[in-house]
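Following this line, the structures themselves.
Next, two complexes with subunit A in common: one pairs it with subunit B, the other with subunit C.
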Partner chain A sequence: MLVYGFINSIILALIALGFSMTFGISRVANFAHGSLYVLGGLLTWFFLIKAGLPYVISVIAAVMIVGVLGAAMYRFLLVRLRGLELAEVISTFALGLIILELMRSMGIMGFQYRLPPFVPGSVSIMGTYVGIQRLIIVGAGLFLMGIIYLFVHHTRLGLAFRGVAQDDHTALTVGINPDRISMLSLMVGSMLVSLSAVLILPLGTISVDDGYDILLKSLAVCIIGGLESTFGVLAAAFILGYAEVLTSMYISSSLSMVVPLLCMLVILLIKPSGLFGKHKELEERI
Partner chain B sequence: MKEKRRRERIDRPIKAVTDDIYCISSFREIVYLMLPRALPILLLLLAVFFVPLYWKKVLVITFIMAIMAISWDFLASCGLISLGQALFFAVGAYISGGLNHYLGLPIYVTVPMATLMGGAISAILILPALRLRGMYFSMVTLIIPLMLMRIIEATKIMGGTEGMSGLSSLPGLPFSIAVSVLALFAALFGLRRLLSSDNGMIFLALKDNDRAVEASGLNTLWLKVKAIYIGSALCAFCGAFMTHYYMSVGLSAFALDLSIFPIASCVLGGVGTLAGPLLGAVILGPLSEALRSLGTFRIVIYSALLVIFIAGLPEGIFPFLKRKYEQTERWV
Partner chain C sequence: MRRRMSLSVAVCLFGFLALSPAVSFSAEQPIVIGVPSSLKMLESSEALKAIIMAAEEINAKGGVKLGGTNRPLKVASIDTRGGEPGVPISDALLAIEKLFLEQKPDAVVLGPFRSEVLLAAMDLYSKYKMVSINVAMTPKFIEKYNTDPEKYKYCFRMLNAKYVVGYLMKTMSKLNKDYGFNKVYIVVQDVLWATAIGNGMKGWFEKSGWQVAGMDAYPTGASDFSSSLLKAQKAGAQVLMPIFDMASSGTLALQWKDMRVPAVPVGFISPLMGSKSAETFGNDVVEGVVNIAFQAGNVPLAKYPPATDFFNAYKKRWGQELQAGHMPSEAYDSVFVMAGAMEKANSLDPEKLIKAIEEADYNGSIGRIRFKNHEIVFGEDPAETAILVVYQWKNGKRVPVFPDIVAEGPIDKPNWMK
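And then the complex of A and B:
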């Protein structure tokens, strides 16, 4: 149980990472997050099964395509709407719906749409059998988070990201182009989510409804953790991950999606800015 | 240097004249003022009497959707952008369905009860989210209906996945049309009246600068609760009405269409105008009926329209038409 809770938490953190990254830097709440997840998985499936490419190449291709899509979304649509929150939310949401429902109407459903695990088999940890795929998820998740931490704190581009996140006018005065950075952040966020899709989807089948679940989960994680704080995302992912596993073990597995809602509502009632959100707190919430 | 040409907009002379009190001096000016207000009402009433039977049913649904769109627009004018309008609809639908199914109350009781209680219950459900602003609020409203749907699915209360059927129906199509048209006009003109009153100005101020409202010594949370109550009571009415119209209620009351349709028609018609959403709904309703055979592909079309309009004509059709009606343009 402890092990599964841990894995579940890492999965949640992986899912929410891209969303929180995009939001923290460019202030664009990417409501197309869930559909990019499904799209990433589907593209990998397409390259791998239909086109018969090797696993690594198809993953890279899928991640690249989704990343470019995210960047294009910013470049051609969102850049016209900067600052209009309503328009941003509606347009990303609508784009997500277009992608998801297009896939649904193309009849993407069922067992043939599944990715094979990287390495089949399972090992025993502390008395429970765990598939190697899950271990890969944990490893890759921790690795990705480390990479992102290093990238954001120790490279020029990463520092530019943080600069824009803090104040884009000031960033502009020191020669950082906020539009370019925002576009890149959307790209990185989309790449992250498609990468997590590639990692996570071998555990189940690719289904369109996943898109909504993923969006909900990442919203819940980000709201609980306080948006734009990476540590908060991790902590919130652990809270939710263990809460989900505990409910599905002790109460009922059908309620496990309800728990994030309840957690979120309770936390919003007690502390409206999320557990670890401090940055720009007053401007965002009352 | 090459000078850039720009478009100059000037009020039409008749607009300038009819702005003040002397407008009643000429028949032409009275017509100019009354035409845009009376024409849609007349057209809708004509449509009610003269379309074939099948499209009358479509018309009822369109009117109900138009009420939802107007209520969304009202909430958006108060700065509460909800992505889960289906929640309010479903609350109303389930209340009236439950009252009718378990207690056997007639529709003359269930629909008004559902409207009033639905507003209250939705306001309570949304309450934790009301302390959030802007897109944070939207995120939570997106989550709540989907989660509620899962709770009903999981706990099998209120009929579970199948829902409740065999509810009492509305007495006849003419009655439904009359009720829906009246409700639509009541919602449209009532909200217009409300927003132009002093209280309405406070509601509008919530969107523009809620900290200024708070600084004026007004309780913003309570004001938002009131706004949500008004908006969701309207939607709950729609839900209750549709429940009896279809004689059943189920999880489809939470469907995403119901959240997207109001937003789509508002963006199409023009956000913040109240008449715009009506226009948008009247365009989108029959359109979506004509596309019914496409199934979920309809959502793709809505969303594509949304994206196109929000990037291409962000103000919406109604303000565009209004500008054409009131102003002339020329290149200078």
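And then the complex of A and C:
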């Protein structure tokens, strides 16, 4: 239970990382997040299985395409809606729906859409057998979070990201173009979610319906942790990951998917900015 | 001269067209077969193809003979999306009503994908006097039908979950007798048909000397089954009984393999149903798994040729083998049953059609089809009744193991259990 709770927590953190990063920098809640997850997985499947490309090339190609799509989404759609939060949410959600429903209408259904695990087999940890793919997810998840931390704190571009996240007007006065940075944040967020898809989807099959589920889980993690806080994402992922496993183990598996939503509601009631978020702190104080 | 030649050509052409069966056929008003279902699910999308195939075969033989004319069948479908997670039943009902109002079908086959939608749609069928042969499986269908048979007489159904329970009971009895298995862990999808099978089996296990180590229901879309697998492992269950038709249940099979849970999966798990499953998930994952196809025909049967004929005809028509274990063959047969009833009644009048379906006796890909109390009777001999098929994955192939009359081998104890 401890082992699988940990793995599930890292999976949740991976899923939500891109959403949190995009929102933290550009303040855009990318509701197309779930559809980009499915698209990333499906493109990888296409390059790998249909086109016969090597796994690494397939992953790179899929992640790049989804990244470009994320950037294009900002450049051609969101840039015109900046500041109109509701319009941003509706437009990204609409785009996500279009992507998912297009895939559905193209006949993406059934169980043959599956990415093979990077390394098959399982090993025993604390007396419980765990698939090696799950361990790869944990390793890759922690590695990605570390890379993001280093990128944001120790590179020029990362510092520019933080500058825009703190105040885009001030960032503009020191020569940082907030629109360009926001576009890049959408691109990086999209690349992150497609990478998480490549890591997670070998655990099952690729289904269009995953898009809605991933969006919901990302929202739950980010709202609980604080929309723009990477540390909050990790903390919330652990709360939800263990809550899901404990609920399933000791209460009822049928409630395991209700738990994230329930946690989200409780946190919204108690601390609307999330556990580590600052977004609404001022309003809360007032 | 030129004018006379043109006239001759025109007369010849007209004569040719008039004598051609296609044209005399198209002059007749088609009989519209409505297919309101959640058509972006594997099972129902393949079922729609099977329905189209059946209609094409009937049309190729001259259509439905009605009132001295041959009328072609026309398939009119609508995607109700009722099987997709999060889609409210009311939305699915609106789609069904839209089909009724706009396409004006003469009868319905396949029907709603989810039992929950079928139960609600029964009132719509009554309202529009729409004779229907449905596939959703909940036992509550017959409960509702029995509350007012006159009102719900328009509804027929191809399979009751109780027959799946019956087949699973006999399969489990074999496992008990042959290998001494007596401890089971049940995991089901939290939808009506699956929980009905789970609860039915749980009651039987408890009465039959089996120990039920646990029963968990997972919401549609769940993708982590570690808690159930851990509990099954801890309890020493020898059999894991999954009942799922959702895409993410593929994760259950993979997680079962990864966690090396020493229990044989015996039940209904869609992702491991089709012929491509071994290729998709790997031979090591599917090997030894016992799955139940809800009708013959969805799995070819060497000992019952009509099932194999349908399976092969589907592959020939659509260029690939069907992968669903539920719906295509029964949907295919239901078109023939409906067309036969129309001919027998010599009318599309609902009252006459109902009577004709009640008296139907048709040998199809799923076995002999006869209705009792508006539901098909299932048994174990396809010459007498419709049948389901239990099969086991052996060396990457699906080998029928029950009912005995179509079995091509025994249920083997998986190598890793020996």
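Everything that follows uses one rule, which is that the second predicted complex is superposed on the first by the 280 of 286 C-alpha atoms of A that agree within 3 Å, B and C clash if a C-alpha of one lies under 4 Å from a C-alpha of the other, contacts with A are read in each partner's own complex, and residues count from 1 in each chain.
Definition applied: a contact is a pair of C-beta atoms (placed from the backbone, for glycine too) under 8 Å apart; a residue touches a chain by one contact, two chains touch by 3 or more.
A quick note: this is a predicted structure, and the numbers were derived from the prediction, not measured.
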Quick one: is A:104 in contact with subunit B, with subunit C, with both, or with neither? Answer first, second, both or neither.
both
One more residue to check, A:205. First (subunit B), second (subunit C), both or neither?
second
With both complexes superposed on chain A, which partner does A:54 reach: first (subunit B), second (subunit C), both or neither?
neither
Of the two partner chains, subunit B (first) and subunit C (second), which one does A:139 touch, if any: first, second, both, or neither?
neither
Please indicate which partner A:29 is in contact with in the superposed arrangement: first for subunit B, second for subunit C, both, or neither.
first
Now for A:265: first (subunit B), second (subunit C), both, or neither, which partner does it touch?
first
Between subunit B (first) and subunit C (second), which does A:81 come into contact with in this model arrangement: first, second, both, or neither?
first
Please report the subunit A residues shared by its interface with subunit B and its interface with subunit C.
104-105, 212, 252, 254, 257-258
Interface with subunit B, subunit A side, in the complex: residues 29, 31, 77, 80-81, 84-91, 93-95, 97-98, 101-102, 104-105, 212, 215-216, 219-220, 223, 227, 252, 254-255, 257-258, 260-261, 264-265, 268-269, 272, 284-286
Show me the residue ranges of subunit C that touch subunit A in the complex, using the header's touch definition.
40-42, 45, 84-86, 187, 190, 216-219, 221-224, 226-228, 230-231, 247-248, 250-251, 254-255, 257-260, 270-271, 274, 276-277, 280-282, 323
Contacts from subunit A onto subunit C in the complex sit at residues 1, 4, 8, 104-105, 107, 109-112, 114, 120, 122, 128-131, 133-134, 203-205, 207-210, 212-213, 244-245, 248-249, 252-254, 256-258
Show which residues of subunit B lie in contact with subunit A when the two form their complex.
76, 81, 83, 128-129, 131-136, 138-140, 142-144, 146-147, 150-151, 153-155, 210-211, 214, 220-221, 256, 260, 263, 267, 271, 294-297, 299-300, 302-304, 306-307, 310-311, 314
